[in-house]
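In what follows, structures are represented as structure tokens.
Below are two complexes that have subunit A in common, paired first with subunit B and then with subunit C.
== the complex of A and B ==
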């Protein structure tokens, strides 16, 4: 280890330092170097000792939490494909098929996103932030597998620049970058992002092989169309053997991820629970006043359909774009749940409400915080009066 | 949270022989602009004034021991860092006159404290600076237990000085029209000097660090609002004040705990204020190949970095020695190292709550913007929104700082937040900047 470190310090690093040939790429070098080694930098001011936790480890644990959804998503891509063309293949083939389709999306996301990140870190001369490690994995999981790769790159670049860097980078952004990328795609390329013919690989790339009468509609689309009889079963929706975006279908896999996030304390249980509470509340309200079939759907169906679970666990909990105060998190989460169902049930133009609900609440999170802070200020000012009396 | 560090001091009190050097460090006193009153080479007695505050000429700083003022150590921009004194055998003192605080006026008490150089022991909130004689504090607060990492046990420290402590409390009660509040630990405080202290109101606190911080106690007893001024002191300074009124001399002796994982035999020492560290730590620090020790006057969270021959600070009753973390570690952010401590459950330390750690000074990451939320709140037991206050300070929004409670806080109260911060933001410095800006605004 020492030899490797010496090699980097003595042979590689000088090229990137001030007078080196590659000094322009110092920040890129530094990102890789700090990835490889925790540096021997010591405290100079303030607390002499520091907690072992830092950003890399935080982000890494979100990635760990995404693994179940990712692996399941890969398998499901293959499973859906072979089902659609009526072929019976074994588990490994299904998974490999998915791996082969999903991996390029992930690679393109990371490559294009990190390029922008490194570029901005170099221009602004700050350290490269770890935030994109997570964004780069979230984005591939919330797009359909049929997405063209150039679209992935375009959306990523758009999200990183407009969603994050213009505000000053990770920690300063208002909107969740991965969701912003998806919203960008959704509105810019509606043909590739809505409808019933985009969720399964075979539908786009091998439509002639499709089994007769095959429908690749998501459960939300089925519901919106009022075809209650062709809905998948609760078990199918919970396990995730249904069409949908790559990583969002399996509530079970997402629950595993949620367990990792909550057990390690990386994700906010408070937000997750309040989103679910908001969703159930609105669902029950719809049930009470149901005038059509969509409103009659049992409230818990909504938790396992579409992107609700994925958004709840991985998107709403993004600490930067969520509410930052404790009380605020309850309000923020609850309203995400409520608005998601409102969009799903009341607005037939958008079968999926999770993305828009979270983005909408991202925008309102600072306002919620503002009122929570105001309440704190008022409470503190009140103390003066009894003290004087 | 109590950070489980190795090297707690054993309850053995030693009295080492006279140190080679003592020093008064103007840098111990925030905002002080020292003006020297002596020339190098002049002889001093214990209690001889060395320098005064340019902006507050009444406040003088006196020699803790008798001897010769040998050297003035300056730093960058000729800032005075240390006023060094070589002690001699004479041990003579300036006599400030013993007095019964009940029979002299408040003004006379204050004059005596100022002249003897003990006035700087009294600090004020807001701002956490030396108190001003013009103010009449609403209340005076003393914390009778220290919850910082490896902090000295004040029950042990007070042993034998109970009378002086009570005398000191009597003196203080004449300085305020309000009350003198004494915060004790509901479980561990047993000394009757604290539990049965007379003329004060005793408050019981329960819980881990920072419960022993006087700022936290003030917040829960009677918070500081805009316009309020309260004073606070350390227990050992109350004892010193008591002795001044009992005997008439500035007897700077105090008990200092030598702690930390790099100390061979951590224990307590009775020394004069401003003692050179090697006097107590000289032969008591572990030597290990490749490990550089870091010497700290104070505790590992809030103390000041000094050299092996540095001096213990005026307000410190503890010295800590821990290893420097100056070695790189291969993929150290990922490998689940058992020797690392973290409040985060992503590290295995939460599985071993009994374990004590030999933590080093490695920062472990570059500085990042705020990302994680809801973390600082757990380590600041006040009705204050820490992140919002920090952001208000960073953008220098005076109104917001006032509203969010800047008057109640001191850097030490945020030390744990700084420790846990995954973005490695220097939170204590931010708080100090905020206090400075507010002070300037109303100066």
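== the complex of A and C ==
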């Protein structure tokens, strides 16, 4: 290892430094160097380190938290496929089938996203940030497995440029980039992104093999259509053996991820709890009125259907685009839950509301923070005033 | 007084007058720099054809309105000048609307209410207020044409990209070859929606500022 370090330090680095032949690509070099080795430079002034959680490590924790959902998603892709064509294969085959279908999506996402990141870092001469590590893993988990790969690449490039780089890069984005990419796909290519025929691999790539009378509708679509008989059971929805986007189906796997996020202090428990509270509140409110089947379903159904759990745990808690203040987080989360259910139940044009609700609240998060801070200032001023008088 | 006389003899395309024409195309672009008239850019740029017709209409209205207001500038009482300007613009817009209905009815249908809404286009009112009320007819005419052209090229650029990527056509003709579709290419439905027009304008502004560093506001 030391020999390698020396080799890079002596032979490779000079080319990239000022006056070197490849000085234009210094940022690219730097990104790989810091990825491999701990940086040698030390702060010269007082530093403000609270603990060892710098960005790289934070991002890494999120990746770890995504593993259960990812692995389950891969297996579920295979499981749904073989069930749709009526074949009975063992666990490993189901998993490998999913792995083989999901891996290209992940690779394409990372390749296109990192290409843009490196390009911007080179042009703008700033460090390559680690922010995309998580975005690149989140995006494959929230698309259907049948998505064409070029669409994934296009959406990733769009989200990284328009969602992140124009605002100044990692940490400056208003919207969650992964969700922005999904929203882009959702509006740009609705045929590939909604309906009942896209969630299972066999439906698009081997429709002639499908079992007779097979339906690949998601639980939300089934509910929206109003036929309660074909709803999957609560246990199926909780475990996630239902059609849906790759990583969103299993509430159980997502709960494992949530546990990792909360235990390491990366994800905000306040936001998660308040999103759930908002969803339950709105669900119960619908139950009170209950004019159609969708309004009648038990409120907790909404928590285990569609992307609610995934959005709550991984998307709403994005530390950049969420509210920063404590009180703000409660308001932000609660409204996400409420709006999600509003879109799901009341608006027939959109089957799922989680994505739009989070993006919508992302936009409002700075406003919420602003008023929370103002209220705090006001409260404390009040405390001072009587003493003066 | 003598200065005034000098102005009178100024060449038709003196450097100063040329600037009136060219500045709004770049440095002083009504859309990219002043961010005016965005509404119609978002609404009617789904197709290039509609954008072209809209651009021509605005050029005509703006050039004529500037000349008319400039001619009347000494007789308009300041307190009612906005009403007078509106009347002039509205008359011209009605004229344009009638011409469109007579000769390109389908495009006129497509533009629908937005032809009438040229009246409320803030670029036109802005130029009348800021320029035509203080200047002679010829510079006013150049200023009107220049600003309208600045508006027009952005409109055409947005219309071009939106039609190309949104419908795969230009002026209604297919330009994306068939084999692309066979390979799995699809038109981007998002391009047809207004949000993407806003983003396209944003990208144009971005590129414009990148090219012209003076525009970057670092306050």
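Please note the rule applied: the second predicted complex is superposed on the first by the 382 of 389 C-alpha atoms of A that agree within 3 Å, B and C clash if a C-alpha of one lies under 4 Å from a C-alpha of the other, contacts with A are read in each partner's own complex, and residues count from 1 in each chain.
Going forward, a residue touches a chain if its C-beta (ideal position, glycine included) is under 8 Å from a C-beta of that chain, and two chains touch if they have at least 3 such contacts.
The model shown is predicted, which means the values in this text are computed figures rather than measured ones.
Colleague: If you stack the two complexes on chain A, which partner ends up touching A:55: first (subunit B), second (subunit C), both, or neither?
Modeller: Only subunit B is touched by A:55; subunit C is not.
Colleague: Given the touch rule stated above, what does A:168 touch, subunit B (first), subunit C (second), both, or neither?
Modeller: first
Colleague: Applying the document's definition of touch, where does A:348 land relative to subunit B and subunit C: first, second, both, or neither?
Modeller: Neither: A:348 stays clear of subunit B and subunit C.
Colleague: In the superposed arrangement, which partner chain does A:263 touch: subunit B (first), subunit C (second), both, or neither?
Modeller: first
Colleague: Scan A:207 for contacts with subunit B and subunit C and give back first, second, both or neither.
Modeller: neither
Colleague: On the A-aligned overlay, A:298 touches which partner chain: subunit B = first, subunit C = second, or both, or neither?
Modeller: A:298: touches no partner chain.
Colleague: Who touches more of subunit A, subunit B or subunit C?
Modeller: The partner that reaches more residues of subunit A in the superposed model: B.
Colleague: Given the complex with subunit B, which residues does subunit A contribute to the contact?
Modeller: By the definition above, subunit A touches subunit B via 1, 4-5, 34-58, 60-61, 127, 129-131, 168-172, 263-266, 268, 270, 319-320, 322, 324-326, 329, 369, 373, 376-377, 379-381, 383-384, 387.
Colleague: Would you tell me which residues of subunit A are touching subunit C in their complex?
Modeller: 148, 150-151, 162, 166, 184, 187-192
Colleague: With touch defined as at the start, can you tell me which subunit B residues reach subunit A in the complex?
Modeller: So the residues of subunit B touching subunit A come out as 3, 5, 149, 222-223, 225-226, 294, 296, 300-303, 305, 320, 322, 324-334, 337, 340-347, 349, 359-374, 377, 383-385, 387-388, 403-405, 411, 415, 418-424, 426-429.
Colleague: Can you list the residues on subunit C that touch subunit A in the complex?
Modeller: Counting only subunit C, the residues touching subunit A are 184-186, 188-191, 193, 195, 199, 202-203, 206.
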